[in-house]
Each structure stands twice: as structure tokens, then as C-alpha cells.
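See below for the structure under consideration.
For clarity, chains are labelled A, B, C, D and E in written order, and residue numbers in each chain start from 1.
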Amino acid sequence: GCATEETGSKETVEKAKEGGTLIVARLSDATTLDPHFITDIPSANVIYEKVYQTLVVPDKNMDPKPLLAKEWKQLDDVTWEFKLQEGVKFHDGAPFNAEAVKTNFDRILDPATASPQAGKLEMIKEIKVIDETTVQFKLKYPYAPLLSILVSNEGSIISPKAIKENSDKLGQSPVGTGPFVFKSWKPGEEIALSKNKDYWGDKPKIDGVVFKVVPEDATRIAMIETGEAHVTDQVPVTEIDRIEASGTMDLYRTEGLAVEYLSFNVKKKPFDDVRVRKAVAHAIEVDSIIKGVYNDVGTRANSTMSPKVFGYDPDIKGYDYDINESKKLLTEAGVKDGLEFTLTTSDRKERINMAEVIQSQLKGIGIKVKIQVLEYGAYIDATAKGEHQVSIGGWGNATGDGDYNQFNLFNSKSQGAAGNSSFYSNPEVDKLIENARKESDGDKRKELYSKAQAIEREEVPYVPIRNYEHLAVYGGTVKGLWLNPANYLMLDDVTVK
Amino acid sequence: MKQDADKILEVKNLQTHFFTDEGTSKAVNGISFSLNKGETLGIVGESGSGKSITSLSLLRLIPSPPGKIAGGSILFKGEDLLTKSEKQMRSIRGNEISMIFQEPMTSLNPVYSAGEQIAEAIRLHQKLGKKEAWDKAVDMLRLVGIPSPEKRAKQEPHELSGGMRQRVMIAMALACHPEVLIADEPTTALDVTIQAQILELIKTLQKDFGTAVILITHDLGVVYETCDRVAVMYAGKIVEYTLAKEIFTNPKHPYTIGLLNSLPRLDMDQEELTTIPGTVPSPYSMPKGCSFAPRCAHAKSICEQAVPDLQAIGPSTEVSCWMFTPQWEKAYDTQEKVGI
Amino acid sequence: MFVFIIRRVLQTIPVLLGVSLVVFLIMQMVPGDPATLLAGEGATKETIESLRHELGLDRPILYQYVDYVLHAVQGDFGESLRSSRPVLDEIMVRLPITLELALASIFITVVLGMIAGIISATKQYSAADISIMIVALLGISLPSFWLGLMLIYFFSVNLHLFPVSGWGTFSHMILPAITLGAGGAAIVARMTRSSMLEVVRQDYIRTARAKGLKEYIIIYKHGLKNALIPVITVVGLQFGALLGGTVLTESVFAINGLGRLIVDAIRTRDLPMVQGGVLIASVIFVFMNLAVDVLYRYFNKRIDLN
Amino acid sequence: MMGVPAAEKKVLLKVDQLKQYFPIKGGFFGRTINHVKAVDDITFDIKQGETLSIVGESGCGKSTTGRAILRLDEPTSGSIHFQDKDLLSLGKKEMRRTRKDLQVIFQDPFASLNPRQTIGKILGEALAIQNVVPKDKRKSRIEELLGHVGLRPESMERYPHEFSGGQRQRIGIARALAVDPKLIICDEAVSALDVSIQAQVLNLLKSLQRQFDLTFLFISHDLGVVRHISDRVMVMYLGRIVEIADKKSIFEQPQHPYTRALLSAIPVPNPVHERERILLTGDVPSPIDPPNGCRFHTRCPFVQDICKTQLPELKRSAQNHQVACHVVS
Amino acid sequence: MKPEVVINHTELNVKERKSPKLRHWKAFYKKFKRNKLALVGGYIVLFYILLAIFAPLISPQDPYEIDLVNKLQPPSAEHWMGTDDKGRDILSRLLYGTRLSLTVGFVSVFFGAFIGILLGLTAGYYGKWIDTVIMRIVDVLLAFPGILLALAIISALGPSLINVMVAVGVFSIPMFARIVRGSTLSVRKLEYIDAIRALGATDFTIICKHIFPNILSPVIVQATLRLATAILSAAGLSFLGLGAQPPSPEWGAMLSSGRDYLFSAPHIALFPGIAISTLVLGFNIFGDGLRDALDPRMKK
């Protein structure tokens, strides 16, 4: 997020006006507001660091910073200790303390809760309350990226009182410690938060936030243009020029953690042959996709990890655009008489566009591509079952740690729905990924990931295409807004005139 | 026909044409007749001979386009209706000249009650209030012999039988005591026993109100029993115009004779009916001469060349046929007749 | 009439059963598993399995359907798989909005359409008639979403006359109602026109003329009421089309309606929500048609109630 | 006709206690809540070569009787024997074969011909369905048929709308004749025609009857026509037979009050034949709820108490004359 | 009813007649031709059909040729209608798309009409419980919001042009079924049907040879009107991302891809929009004209 750093910092210098309600237009409604049950970023975005807070919080570079935990240290391979902030109260008046932290993690881990996120915290053996403000995490095995899990939405700390009294209602009415208090939710229409007057930190400058559901892209932009809404964080890349040209709207851009890629189903002919995969990788002109389809939003991806993610190896490069090499590889692989395959994608516009461009690029070397656009649910189904030949996919990363990419995309255990849509399986890579999990030395971990990435580059189960860049459009009256790399709107310093 | 001081309506050389894509149809092609106070004139003729169009022309209700009154005059109490403004016509319609239509089933508006439809005319022409008009409408229904008229007045046409509907039509037509009533086949759609009731009713009412009636029908029996005089139409023209009784005892025009002979008689057995060969000519391609000539057993060449005029051949009889003209004797026979 | 209404209401039962069965079967056929979608990115097989169990998706299909119907009969439409809120609650939030939208559009459809149609019919072949009919034809041929976006562009973004999105106030309703109602208005206008022209040829109009009534009384009193009969049927069918059309309009104007709810539910394979939504939509449709039939019968007495 | 004693002729068609009730659906579940008693228990027969006419007011069940005999509608009960075959017990296939012998000519010359078929096709199809003549002979047979009804062979290529009403009715007759039927039911076959045309068609029917020994069931409400064409006449009122007799007998000595009213109501253009008119009052009651007792009692000028409660049976009152009336018998 | 049209037999000359069928059509065409507006509609439709047939010959460019450098070009001498978001020539795409849109229209309407006619004929002819059952099924279809049905079908079968056709076809079934049933009921009452039944014709013959041809004209009229709706529906489905598979230049898909540029490059949506509107317009007025020409009551 270097490019737009100024946006945030400049405004804090100016004496910002206080008050007003920020209206955020967004694509879809939240599914639930219980962080232990949320599985998508748009839902989490409503509450993350707004209603709820986490022990540690990522900064603009995804480095963990203290929040509800003042400080922490790793006592041994499997024990982490956190010192908690004092004098923090939940919105319902319950005090924040070590017991509260324990209650939260116990809840998510309790099989009876049936939290879909339990798997992510599966390495936690026990939470130990040392004293009122000290808490220890005991792990089953060494797990280095623990902090990256704690910074993410699942690490939100819910009021223990609310958990005890009406756990079931938490999805509808969240109770946390954050700068905003949940006010109301009209399903399908809007969710309103209001300023927490008793917030323990720097109080927000606005009176509240309303998240409005506006499914149509053009309408959302029109709303910013007319001042009906202040911000939208789901911006079609096609609108960039217009927004930049407009006098009433501004664009905020920040590098994201997600990547988009082409995924070969290595279980299916002809993509079980690495030469064919390489040939395709050589035949795709990634730069023109990023410019032509994405209007230069995002950067060329070299690996299936974004540069902001821990473990990214800048030395690993993607395949060059080299038609001759590609043809040669195809001949070697014995598919001279023309390769033909189906490219499956979900119905996201940019992905379809990408598919069309790839189709046209591959046509240049005689590869015939048939595009199959599937409605999202069907797409997930097809790729999870391995019915596809080649698909366009993307992998978000809410934690900023490489494990989230590597384990889900490449580990044999993750084949199918869990993320490994290539059905890639390599014992060596499996091992590297699993060892990296346990390694607590950061540099050693990086090394392990580098090794894994090098192998993955050679075997090309995926052709990395683009590192995400997140966009937000805001009206001229909005100042102090920023997006974190995981695409969360950060509202601490926002003002609206 | 002799001049009559009581003459209320006089039609002279009326022509009504339809301008359609197939050509011009001279539906009414120059007819003249007159009507005296209190008398009943019957107009008979086959389907399509122009009876209805004649009656509609009298009230200037020809659907236009495609129809148009192309000539002639209609003198009502001495004034030509064709020169009147639409507004003047409206005060005559339903008031001084009323009409009963051929189809009782469709001539009443299905969405208004019988009473309302009668009262509407009364309010319009007699400037009565809502209540008075309604009462009058109920009275009219009683007059035309509808039992429990208060109840019936509130019913809508679909709740009434065909006979009752026709009586409602009659009540409507007579509500303003018109001087002329035009009844276009008022009983064709009805059964004989009901027809007898309705005709009887019209006769009684006519007597009571002194209304002159034009009764259009294709049933010669009806004419015989109801009318004073009769005009026989064929292909848009009157071919014979005479006293009603006369036509049965002493028909003149070959068509009239043919028509009478075609009727199965109730008073005697016939092994075979006499027929008129051929069919009515298409209104779009009328023969040059007499329109009946192609079917006429007596036709001579003159018949095919020129149209005969309607001429008086007796004190109260007019016929349009070359046979009754001096030219007849000199004319040549035509070639053989066409059959079907 | 009463018996007729009761009977028609009872007849809706098999129709609704049919609808629910069709929904159920289709949702079974549709690839995509609600549990997988709900579990989100990176969920393990175990997570998905336990979620399936939690949602009751691992029960036999027939059992699921019968269970659903038995509950639905008692007014229990289940809970959304996604938000775990009661389906009925979610629907009841949207239903009034969609109904308002539909009624507002029907209003536009009927008022605009009939006025235009009557003017057209009474001034047959005049300039007004021809221009109305051309506009009407355009109204039919414009894709509604395109019209919607164009309206937003001109009236909201450029002229700042109406809000872009949302629902609640009168000014919110105008653009969506026009978007949704335009096609219908055009159809109604044409229908009214031809029906009027047809009625004007009827015998009873001639009777009215023969009474000496003024032309405008003939048209409005004797003509219009009869001309409405076929128009009502069209409006009724139009209402059905309109319910379907709300999806696009709701999406363009960000209106939180039933159409969008159902589409979203289909996308997330939220079966109870789809079921509930479609059933309610069908109920509305069926009752709307019933209302139309009743009106039709009211206007057209010649039709035997049996 | 009267020359040959009726008894000597073979009975061709025998209708026994025929009932035709049309259900009226209603109620909550669309149950049948009532019936239109269109034909309510009628019994009569027709002899080979004769013409039996049915007269009566509109809606009294004339057409329904004809349609029931043809099994165009399935009768509710009763039996119909045609040449000793019980028509109602025939299977679908057998019935189709038997249809060859029973033909029909309808009232509306415009509705009774398929507007999309040429005359040749219409007649050809009739021949094909019953396969009465081999394919190669059909054309000449059609020409022959057209000749019988007085149309030219060229008519074959024309469509019905190119013909006048009378000509169309002839085509209808030709179609009925095509299959060499024994019985032809003429349902108001001349009612729609102008008198001058009507006379042509009536003459044609009569000559065809002589030529082919046809039997006619002639349905009409025009008593003039009926008198002209029939041997016997059957008068119906509200689904029941009120009188059935030889033509002469019924026209000269009508017995049932309804028949008498009917006859007297006909306007006759006959200056020498003045009659006294029996004017009825009121309208025909509905066949859904026919009056109790004699169906006619609500309009009968001679009504007595018994008429209101008891249904009169059809009784023989003279040779070849049956009447159903309490007062007369 | 009394005969109105009385044509003198003797006046019709045998010589001047050729094929009776031909005269039938000529008369129809004459009547249709008189309706100027309908004629315009017919010409529009014809125009598009010709475009569809000759698309490969008249297209100035390859409709699939992606040229990202020249994307979003406004109309120019080289690209008469400009280029789309992937630099493809919009005119060429529109021309090729004519085929798809017309195919979608024709196939889906044909499909819907076929099943609708089958159901309507059966229900109308046999009546009784068959009628009840069929019409209830049709009610289910009708009550089922059309777009949802389409969504469901396409979700089940995957989005492709064929499935769009199936979906759009399915929701025109009820319309056809109702119209056909209504006409069948009225045709079945006609005397010539009874006459042919009295001759001993089988139900099959009656339905196929006598009822079907006589219900055809309302069906044809409905079909032309439905064609318009079908093309619009397909466009609506494209808008929801359910339509034709890229890169096929189906008009609805083109229009919907243009909606992202409604403000920055309006020509992308404008031209497909105009194409859809005019074709739909053409079908509509053509259908109206047909109705008037085929309706015997409207002879003026």
C-alpha cells in the first residue's frame, strides 16, 4: 500500500471534522455477524475491528501490532503468552480479561459449537488463564503462524456475557469491545453501527456507519457520485478511468493478499503431463491480461502467494511468454495435433474476461479453448469434485501468512474443496509445508517456503496470474479511509463532512 | 303512391354505399318510400338486400368508414335529416325516431341493468331526474308485459331470456313515445310463440301511442299479419312497393312471385317447391341491368341492359320491372338462363 | 361467487404442492452444495460434513421433502441455511417491499396504459394515436435493466431528481416503478386500444347511438367498461410477469425485495429460502390471478360462474 | 307417403328412454351440483325411408337428441337401436365403422365445412375415412357426388368461402351422402338459408331421398318446412316429447295445447286461411329446473291441478298419433 | 347467422385459378400488405434474418479478434460502432450475434410452442380430468416466476445458449398451452368437427388435420410476439450472467457487458440495445399485423 499511503496520513494532519454517518455501499449482505461462524470477508468486514477486536492487529504491511493484547512472547515451541490491555469493557458492560479470551477460544473449539472455523485453530490444545490480564495458549504441536490466525476475524473476542446468555443471537447482534456498537440489521438492506461512546482507545470521529446492500455495480458507483453513499469497496476495474476523471469521487488503491491463477487438474489428461502445463504457462501473456482486463489494477503474480504474504520469495519468477518454447514442449509431450481443453470459471466478470483473453492468446499457438462459465455454486462444486480440466481460481488470504496459501493450495490433504483444485500431490512439498508450520524461526520458515515454491514453479499445477489490488471509491467528503491488505475497511480515522 | 297529408317520413332516392377494399358496395341503391302517421310499413327481402342498412341510414348510424350515405334525402316531418347537424340528430334519435335492433342478445350493453339502459334515454330526452326516469323505465317494462318489472329492471341483460331482452329493447325504444319506430327483424332470433307475443305487443303499443312503424323482416308471414304496406327489396333496391294484402293476392314482380312460391305452404301439400334459380348477385359486382335479371325466368335483353325504375302501376302499387313498361313488348328474349 | 372463490383457493393447494415439488427437485438437480458454499474457502472435508449434518442435508431426499411439506403446512418454512434466521421472517421483511414495487408498477402500467390506450382508440389514426403506439412499442422492446440504468443516469446522476437506490419514500418508488411498469403499460395501452376499437363495433354501442347519446358518453360509459374486460386479464398476466421482473429491477435499484432474496438464495443453494420465496411468490401470483378472475367475472356477467 | 301403411315398413332406428343430462359443475370441489336435463326420457322410432321431424322451441332438446343418436355426446341413459344394433354398446372401433350408415347435416353452412380444405379434400376425406371406394376411383366418385347435389366438378378445387350459403349446404349434403348412409340427421339444415335458397335445398333433399331410399331425422323449428318435408312430426318441449303423429294428423288435429299454440303462432301469408291465435304468456322455463308435473303447465292456457304435479305419459290418442297431456286424453 | 358472402358460382372462371393454396396466400398477403406498419415490421425482421445469413460475408472484422490495445474505441471509420472492452469490433459482433439472438428466439419459441401446443391440444380436445390435470401443471409453470425457473434450469444444466433456449422456451409453454387450449375448445365446438367425427374419423385425424391447422393462426401470432419476449428474456438472463458462453456475441451478453461502461463508453451498450429494441419492435409490429391480417373480424 505504498502508492496511496498519503491518503491516510495527510488527512490525520488536517483537523478533521467530527460527526456524520458514513454510508458504505456494498455488493451483498452479511450472512452472519458471529465471527466464529463467518466464512467470508464481506461479512467479516462489517464487524472486524469495528465491533470486534482481536488480540493482535495487522498493520498496513500485515505485521502484527498489539491491540487487545499489549504484548506477547513465545515461551516455548508450543506455549505463547499474552499480556492483555486493562480497563477494556465490552459493549454490554462485561469486563475484558483473560477469562474472556479463554471463553472465546473454548467456544470456537467446542465441537458442540460446530464452528466452521474450528479447523483453523485446531492446533490449540488449551487456553490457560494465568491471571486477570495474562493468558497462555498451549498448542498441540509447534505452529509458527499462530499470530496470523489471531489477527484474523476468527480471533475476534466476543463478550463472554453474551456468549453465556445468548450464544445463538450473536449472529444477529454482535457484542464486542470495538469502536463501534452494533445498532441494527435489516436483512438484505443495511447494517448500522454507531459510535462506541465508551471506547477504550481513540474514539472514532464519525457517529456511525451504515453498510447498504447494492448489488449492481453501476448503481453503487452512481450512489457515490450523487452522494447517496460515501464509500464502496467493491469497485469494478472497468470504472477506474471514470472514477479518476470524476470530480466528485476518489479512488483508494492498496495491494492485497490474494492471487488469481489458472489451475490445472493434474489428475486429468493431458494436464497430468508437466510439459503440457508448462507449455500453457509459456503461452499466456500475463502482462496484457493485467493491463487489458484489469486496467493495471494489481500486479503480475510470480507465485501463488502475494508479495505481502509471509514466505513470499521474490526470486521466484513466473514463466516468460515464449511461444516457441511452448510449441516445443507440446511437441515433446506428443500433443502436436492441437491441444483442446475447457477452461472453467465462475461468473465473475473479470474472470470471464480473463478467460476470453486467455482463449484468444492460446488460439495464437493453436490451442483451442472452450470457455465454461459456471454460476458460483456450480463452479465450486465442479472444481471441488475435480470435474474441470483447467479452471480460473483465486485464493484470498486473511492472515497474511504463507501457510494459508501453501497448505490449502498444495497440500495433498487439501485436495478439492479445501483449496487444492489442482489435485496436486507431492510428498516432498507436503513435508515442506508441514515443517514450515512447526518452525518457529521466521527465516527458516521462509526458506522452507522458498523451497516449496521452487518445486511448485517447476511442476506448475497453477499458473499464477495476478496479485490483487483492492480498490475503494469514496466521495469527496470522506477522509482518513484505508483498506488493509486483506480488504478490510478500516474506519478508525474516517471523517465525513 | 298518392300524396298523403299524414306523411311523417319520406325517403327519396336514398343511396348508401360501402367503400371497401373489394370495391364499392351499393348496399342501398336509390330507394324511395314514405311512411304515414300510425301506419306500419314492412320491408322484406333476402339477407343482404339492404334492409338493415336502409334503417340505419334513416338514423344516420351507418358505420363510417366504410359506409357513407351517397345521395338522396330523408324528409322527417318535412325536414331533411341528411342536412341536420350531429347534435340535432342526437335529439331526434331515441326521441322522435327510435329503433329496435335485429339481435336482442347483443344489442343491450351487458354491464348495465335493463332499467338503467331504459332510464338513460328517458333522462336524456325528457330531462327527468334519476328517480323519475327509473320509475318511468319500470313503467315501460310493465307496459311491455314483463312480470315484476321492479325486480327485472335491476337485472342485467344476461339474466334475462331472449324474449325479455327484446321486450326491454322495445321498452327502450318506446320510452320517449317516438313518432317513428324502426324495428329491424325484432323477432328473428326468437321462437315462434315468443315472436307472436312480441308482434302482438308492438301492434298494441303502436295503437296506444299512434306510432308509425317500419318493420323489417324476411318473413312474409309476419308482414301479412302486421303491416299495412310493404316494400320488397332485392339487391339494394325496392322492386315492389304495395299494400300488404295485395302482395299475397296479386304479386307483380317476378322476384316477389318467386319468393312466395318458394315458401313451403302450411295450407297445402306440395311435392316440390318452386324455386328461384341462382343466387343473389354480389354487391360488388352488380349486373348492369335489372339486378334480378340473371335469375328471372322472363328476362329479356332489355332487362340486362338497363335498370327499370320503380313505377306506379296501380293506385297503391309500384313495381320496378320492365314487364310493366311499354318497352316490354318490343324487347327481345334473352339467351338461355343460367342455373346453379 | 363466494363458492367460486373458495373453490379456487382450494385449487391452489395442488398448484402450490406442485410448485414446491418442482423447486425441490430442481434444487436437488442443481450442482453445488449449500454446506460447501457455507463453509467457505479452505474448509476441510470434516468441516463440510459436520455442516451437512448440522443442516440436515444428510437425510434421505424424500424424507427431507416430506418433512419440509409437513412443516410448511403448519406455517413453518424452516430456517435459512445461510443466516439461520426463520425463512418466514426474512420473507416478511421483503414481501411488503416487493408488493409495493409490484403495485406501484401495476399502477403505472394500468393508469398510463389505459389512458394512452383510450386516447389512441378515440383518436384512431391521429398523430396522438400513432405517437402513443410508437412509444408503446418502444416500451415493450426496451430491456428493463437497460431502461433502469438509463433512468438512473439521467434522472439521478445528471438531474439529481430522484435517489439512485433504496426504497421507502415516494421518490424512491418512481424510477423502479417506471422501469418495471413500462413494458406492461405499453402492452396495456395496446390492449386497451384494440379492445376499445373492438367494443366500439358492438351492437350495443349502436343501440346507445340510436338513443341519441353523446359520443363521449358512448365511449366512456358504454365502451370503456366493456373494453376493460380483456384488459383486466392482461393486467393479471402482466402481474405475473412483473413478479418475475422484479429481480432485475430490484437488483438495479438496490431494492431489498423478494426477487433478489430468491435469486441470492438460489446462488447460495439456500433451499428452504428458495422454497419459501418461490412458494410465497406463487401464492401471490395465484391470488392475483384469482382477483383478476373475480374482477373479470364481475365485469363480464355473461360468464357463468360455473 | 301415407300410401304405404306404416306398419309394413321396417323400423330403422329405435330410441328408447333416452336421457341426456349435462352436468353442471359447482360447489367446493367442482362436483356436479345439478344437471341440464336437455333430453329427459324420450322414446320414438323411425322407419326405413321415412322422414321424421322434430320441432319445438329453442333449447327443447332437438339437437341434443340428434347428437345423442350419433353419439357425438354420450347419452346419460337409454338405448338406441339402429338396424337391431345397440349403438350405445358398440366399441369405439365398431362405432366408427357404423358411422358410415348415420350421417348428419348441420345448420350453419359456414361452420360445418373446414375453411382450410378444398371441397375435393373434404369429400375425399369422407371417402377415405370409411374407405367406401378405392383410391383411384375417388375422384370420379366425388364428381358424381357433386353432380347429385347440383354442383359442377370444378368446385372440387375451391374453398368453402368461395361458395354461397346454399351451395355450402349442398356440399354438406354431398359429404353426408359420400358414405352411402342409411339415416341422415338434418339439424336445422335449411334454417340459415334464405327462402329462395331454402326451397332449392329442400327440393334437393327430397329428390335424394327418393333416389337413395334415405331416411331423414329432420330437426327444425320452421313448421312450414316441417310440414313440407315430413311424414311424421314429433313435438318436443323442455326435453320431452309432447306429441308425435303423422304429419296430416298433427297439422289438422293438433292435440297438445303446446302444439296448438305453436301452430297458431306461425304467421301465415295466407289471406284465405284466417285462424284464431293462441297467445302464450311467459317464457320457456329452464331445463335445469324444469317445472314439476307437466313441463308445459306454466304457460298452458288449459292448465289444471293435475298438470302441476303429475308428469303426463305419452299416450296413443288416435291411429299414429300420440300425445302427452292430462287435459286432452 | 345468414350467409353474407354470396358469390355467384357462374362468375368464377375456372381458367384464372391456379393453385388454390397460392391464391389463399396471395389474399392474405394482400391484406397484410395494406397494413403499412406491419409491413415495416416484416421488413425489419427480414432485414435481420438476411444479416444473420450473410453475417460472415458482410462483417468487416473478425468478431472474436481480441485487441486489448484498441479497446473501448468510440465509433470511427475503421470501427463503425466502435470496439468493446476487449477491442473487438462491435459491428462485426452484432452481425454475428444476429444469428445467435435469432436462433435463441426461434428455437426457444419453437420449443415452447411445440410443448405448449401438445398440452393445449390434448387438454382442449379431451377435456374432463385430462384438461384439469394439464391445466394445473400449466398453472404450476405459470405460477413459478419465470426468471427463477430460468435461473434454476441454468444453474442445473449450466449456462449455455442451449440451456437459455430451454429456459426461455419453458416459460413460454404456459402461454401457448393456454391459447391453444382456448382455441381448441372453440374449434372443437364447430360443426365441421362434429361432421368429421360423425364420419368416423379418429381423434388423431381430427386433432392433426382439422383442429391443428385452425388453431395455427393465433399460435403464429403469439409466436411472433413471444419471439420478441424470448430475445428480451435471453438478454435479461445474460444480464444476470446466465446467458451465452463467452466469447459468443449474443446481443444480450453484449448489452450486459456494456453496462459496466454505460457511463464511460456508452456505445458498447447502445448498439446492442438498439439492435435488440429494433428487432423486438419488428417482431411485435409484424405480429400485430399478422393478427389483423389473420383475424377474419378485422376485415376492413
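By our rule, a residue touches a chain if its C-beta (ideal position, glycine included) is under 8 Å from a C-beta of that chain, and two chains touch if they have at least 3 such contacts.
Each chain and its UniProt protein: B = ABC transporter ATP-binding protein; C = Nickel import system permease protein NikB; D = Dipeptide ABC transporter ATP-binding protein; E = ABC transporter permease.
Nothing here was measured: the structure is a model prediction, and the numbers come from that model.
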Request  = Would you kindly count the fewest steps from chain A to chain D, each step being a jump to a chain that touches the current one?
outcome  = 2
Remark   = A student comparing A-E to C-E should find more C-beta pairs in contact for C-E
Request  = Farthest from chain B by Cα centre, which chain is it? Let me know.
outcome  = A
Request  = Could you tell me the distance, in whole angstrom, between the mean C-alpha positions of chain C and chain E?
outcome  = 23
Message = Taking the mean of the CA coordinates per chain, how far is chain A from chain B in Å?
response = 91
Inquiry  = Distance between chain B and chain D based on Cα centroids, please, to the nearest Å.
reply    = 32
Query = How many angstrom between the C-alpha centroids of chain C and chain A?
reply = 39
Request  = Send over the residues of chain C in touch with two or more other chains.
outcome  = 30-32, 149, 153, 157, 251
Request  = Return the residues of chain B touching two or more other chains; collapse runs of consecutive numbers into ranges.
outcome  = 47, 279-280, 340
Request  = Name the residues of chain A that each touch 2 or more other chains.
outcome  = 218, 375, 377-378
Note = Residue positions on chain D within touch of chain B in the complex are 57-58, 150-151, 164, 166-167, 194-200, 202-203, 206, 221, 223-225, 227-229, 251, 261-262, 264-273, 277, 279-284
Query = Which chain E residues qualify as touching chain D in the complex?
reply = 1-3, 5-9, 12, 14, 17, 20, 24, 190-192, 194-202, 205, 209-210, 213-214
Task = Sort out for me which residues of chain A touch chain E in the complex.
result = 217-218, 221, 236, 238-239, 241-242, 288, 291-293, 347, 349, 352-353, 355-357, 359-360, 371-375, 377-378
Chain E to chain A touching residues, read off their complex = 64-66, 68-69, 71, 85-87, 154-155, 158-159, 241-242, 245-247, 257, 259-264
Ask   = Which residues of chain E touch chain C in the complex?
value = 136-137, 139-140, 142-148, 151-153, 155-156, 228, 232, 235-236, 239-240, 252, 255-256, 259, 262-263, 269, 273, 276-278, 280-281, 284-285, 288
